[in-house]
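There are two complexes below, and they share subunit A, which is joined by subunit B in the first and by subunit C in the second.
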Partner chain A sequence: MMIQQQGKKVGLPLMNLVRLNRTPILKQLHLEEKLLRKSSTNWCIINDGTDTPAIVMGISGKPSELLEIGSVLRDQVPVIKRFTGGGTVVVDKGTVFVTLICNKDDVPGVQPYPRSIMSWSGLLYNQVFKGIADFQLRENDYVFGNRKFGGNAQSITKNRWIHHTSFLWDYAEGNMAFLKQPARAPEYRM
Partner chain B sequence: MMISRRIWQKRPPTSSWIFLRPYTSQISVPSPSPSRFPVQTPSLIGFLSSYAASSFRSVYKISSLEMPSMVSRCCYSNHALADLPASGIVDVPLAQTGEGIAECELLKWFVKEGDEIEEFQPLCAVQSDKATIEITSRYKGKVAQLLHAPGNIVKVGETLLKLVVGDSAVPTPSSDVLESVKPPGSENSPDSKLNKDTVGGVLATPTVRNLAKLYGINLYDVDATGKDGRVLKEDVLKYAVQKGAADGPSTASVSADCREQLLGEEETYPQTFAEVKWYPDDKTVPLRGFQRTMVKTMSMAAKIPHFHYVEEINCDALVKLKASFQNNNSDPNIKHTFLPSLIKSLSMAMSKYPFMNSCFNEESLEVILKGSHNIGIAMATQHGLAVPNIKNVQSLSILEITKELSRLQQLAKDNELNPADNSGGTITLSNIGAIGGKFGAPLLNLPEVAIIAMGRIEKVPRLSDDGNVYPSPIMTVNIGADHRVLDGATVAKFCNEWKQLIENPELLLLQMR
Partner chain C sequence: MALRMWASSTANALRISCASKTPAFALSRCFSSGTQLISFPLPIIIFCKLMVLDGLKYASSHEWVKHEGSVATVGITDHAQDHLGEVVFVELPETGASVKQGGGFGVVESVKATSDVNSPISGEVIEVNSKLTQTPGLVNSSPYEEGWLIKVKPSSPSDLESLMDPQAYTKFCEEENAAH
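Up next, the complex of A and B:
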């Protein structure tokens, strides 16, 4: 509480940092949604990998359009529909998840709409990946050059927003076969 | 699990902006300086000078001036409450939620019709690309009508729902009154006597009020059958019929004048009162999937200078070939048609004329001669026009082509074609003749440079050398070509080669490996 008050005096909001290791992605998503809707402070959650491979779709994802259902059923891969928009990803122990949950007024210069949030997160990750392999935020994806290595998604509520990313630190090629090519591709890949 | 608190790191001001947004060049992104940005209702001018177009204004009390489709009385200043009408229906549009985003999918409603809502109460959740966004209400009021269902795609600027705002202090027996918001057209009504019929107090939509006015009907006289005593269109029409039958000829002459006005405006109204029918309303069909893609691709194709080359091909040999395949077919799953042979001979002809199997790069003025013959086959499905392609026809036998064609046709029928099937084509065949028609003038399937439309094979009379008439199965083909890359001579020679292979299929053996 003291730190919070002191922080407020300096004029900067506080952020709680949560470090997880191999926490199941479903549990992480439950936690995130709860924090978004019920908490009133800012959070940064970092999860180093999930325990078993899983497929995570956006809120309006339709399995028949996005997944090779036969393979998914055969290999009994869990399919999760998350509460944010965006696309589909296969995650496993090689995925690094980074989530930012903020009050709309707390981040200087950031307005609660997707482009503004992503401008800011792009800058943040620019610092992280400085000098590495031409990192950019291109349209909605985090890329090295024109190779996407992290997708992201948002949910914006009345007073808060969440921006979360799955960075593919490593991935199993075989797992990618569970996903169909999406109907829409970003312009930079055309 | 480690929880720690960190003081927020002050971001160093950056001057460079690494950001590739090819379609949003007109929007300026705010400078990321760490100075506090005022968030509570700044003045409209101040706000607009920082953000060009796309702030999420339905959250704040600032309306966007860039919404051309906002017809009704939405406020245009940040002093939303001050400018509000004392009572009235307000259209709540889907505000711009991020530059370049033209539409969102409605995910769910948090309110229903009739609910009282507070200012800034969440109304619904929408999804645009990567974000789900809660839309909150600018006003306090009551939900009058929800205009979209979950799953609908809503364009930015389109009305999401209608709200009744303020105190609707109209003295009528029904509790929630829809005060009439007159559409602009109705102001021009020539007959002043009719104006008194549109005084508020009766529940009816503007269209119904207009209809009643044109028929010279007082809404109070009409038996209302709608919810909460609302007068519906059918009620007015029914009353009009009864009135017409009772009043006789005088009404008929009025109706004649009205008819002209009506036909001018809506064109769906009956000839006379006695024959009043309930005409169906217009149906709006949003274009999705293949149809939506077709809008884009055909608009681009129309910009290319096409020329068309027409030829007739004698299909005697083709018919015999197909019959032979079918008679000697041991596999019941395979059905032999003309297409595979046409496809294979097309590929053989393209080997001699590789420019037909190319694509054109406008910027660099280069023609890329494609190595693979990926022949696209236009298919009419219930979901729209699909053009999957058979890859590497140059390496496939006619039997393999038959099987692959069948596989693609089944997928197309079930709407299960994957993007790999639909992309990478190098030339397209449109067998429109399977449905009917002599031939068509096809539009290119970009970035290809040629497309071939084949009419149906029909028996026509031909003259033999000795002057006798004999029947001949003739197919007319029309080759559409990109005149920036191909000229008439090239296409003609190519077509001659293809025609020769179809009419003399034994020649395929010469080139077979």
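Up next, the complex of A and C:
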């Protein structure tokens, strides 16, 4: 408890770290939602890849609008709808998943709203990727230069929030064919 | 000029026309002579360009409730919609569902994020705003009118006593903003 309070004083939340390796993304999402809603402590989950390729959509995603249904069915790719917002991603063994689950009061200076949480994440990853390529948080994407390599999404409850990211550290180019071009794209990609 | 443009966009946001038969409140004092008088049907408090309406009660999680007889209408505040960003999807309960004060009843999705919406009062859901399926952006453009979320038959009228009045909510928002 004392360490937690000291952490708060310097604006740093005390995190429980969970390191996973090739845990199926569906199992990871189940774990995350349970920790968000049932736990009262802060968590950082890192999963190095998922066991088999999968398509993960945001809560309001419509398969008919976002996916090449024929290819998805032909190749029997699992399609998962997650509890957070955001877009659609194809994940596989080359994806690095990083999730942060925090009590809103444990991260001073960060309001429990999307833009505030996103900005804070940008500062965090600026430190992580310092000196590597040209990392930026650009609009709502993590990019090297103008190439997006990580999407992210959030869910915000009354007193807690989750921010999770799938970094496409490596990917099978052919898997991108399962996705349609989204109707809306960030300006930097125009 | 700047004030007139601001007032015009405010009126548009509230979907209020400039010609009102019996305005309950007028912002005539805010404008220099020669500018347009904008009349509002309800008294409003404006701070930092965000709206807080009189006659409503507010929860610390930024939902509002308007109690009229046996029906209470619930939505999210202008402060909330502004901080969330563009709303792209709204998930609401079925009619007949029970809601509990402080408990979640739905979800609002803005870009990249889902946010729980909590009920300021307990009761039974008697109507949901079906317009939000096709036009979720009403939550942004008209948070206190066309962007309402649910109507509830209250089960405990005393719930309202624990909510904030407009002045207290305004102060709450100012303190919350100042803390970050």
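FYI, the second predicted complex is superposed on the first by the 177 of 190 C-alpha atoms of A that agree within 3 Å, B and C clash if a C-alpha of one lies under 4 Å from a C-alpha of the other, contacts with A are read in each partner's own complex, and residues count from 1 in each chain.
Definition applied: a contact is a pair of C-beta atoms (placed from the backbone, for glycine too) under 8 Å apart; a residue touches a chain by one contact, two chains touch by 3 or more.
Only a predicted model underlies this, so the values are computations on that prediction, with no experimental measurement involved.
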**Message:** Quick check on the subunit A-based superposition: subunit B and subunit C, clash or fit?
**Reply:** clash
**Item:** subunit B versus subunit C as contact partner of A:F83, first or second or both or neither
**Value:** both
**Asked** Between subunit B (first) and subunit C (second), which, if any, makes contact with A:I59: first, second, both or neither?
**Response** both
**Request:** Could you say whether A:P114 touches subunit B, subunit C, both of them, or neither, answering first, second, both or neither?
**Result:** both
**Message:** Quick check on the superposed pair: does A:Q154 touch subunit B, subunit C, both, or neither? Answer first, second, both or neither.
**Reply:** both
**Asked** More residues of subunit A are touched by which chain, subunit B or subunit C?
**Response** B
**subunit B versus subunit C as contact partner of A:K104, first or second or both or neither** = first
**Item:** Residues on subunit A lying within both footprints (that of subunit B and that of subunit C)
**Value:** 58-60, 83-86, 108-109, 111, 113-117, 140, 152-158
**Request:** Name, in rising order, each residue of subunit A that touches subunit B in their complex.
**Result:** 3-4, 7, 10-20, 42, 58-60, 83-87, 104-105, 108-109, 111-117, 119-120, 122-124, 126, 136-140, 151-158, 180-183, 187-188
**Prompt:** Once bound in the complex, which stretches of subunit A touch subunit C?
**Reply:** 58-60, 83-86, 108-111, 113-118, 140, 152-158
**Prompt:** Mind pulling up the subunit C residues that touch subunit A in the complex?
**Reply:** 61, 83-85, 88-89, 91, 102, 104, 107, 109-116, 118, 176, 180
**Request:** Note which residues of subunit B are touching subunit A in the complex, please.
**Result:** 1-8, 10-11, 14, 18-23, 29-37, 39, 51, 54-56, 59, 97-101, 105, 107, 120, 122, 127-134, 136, 418-420
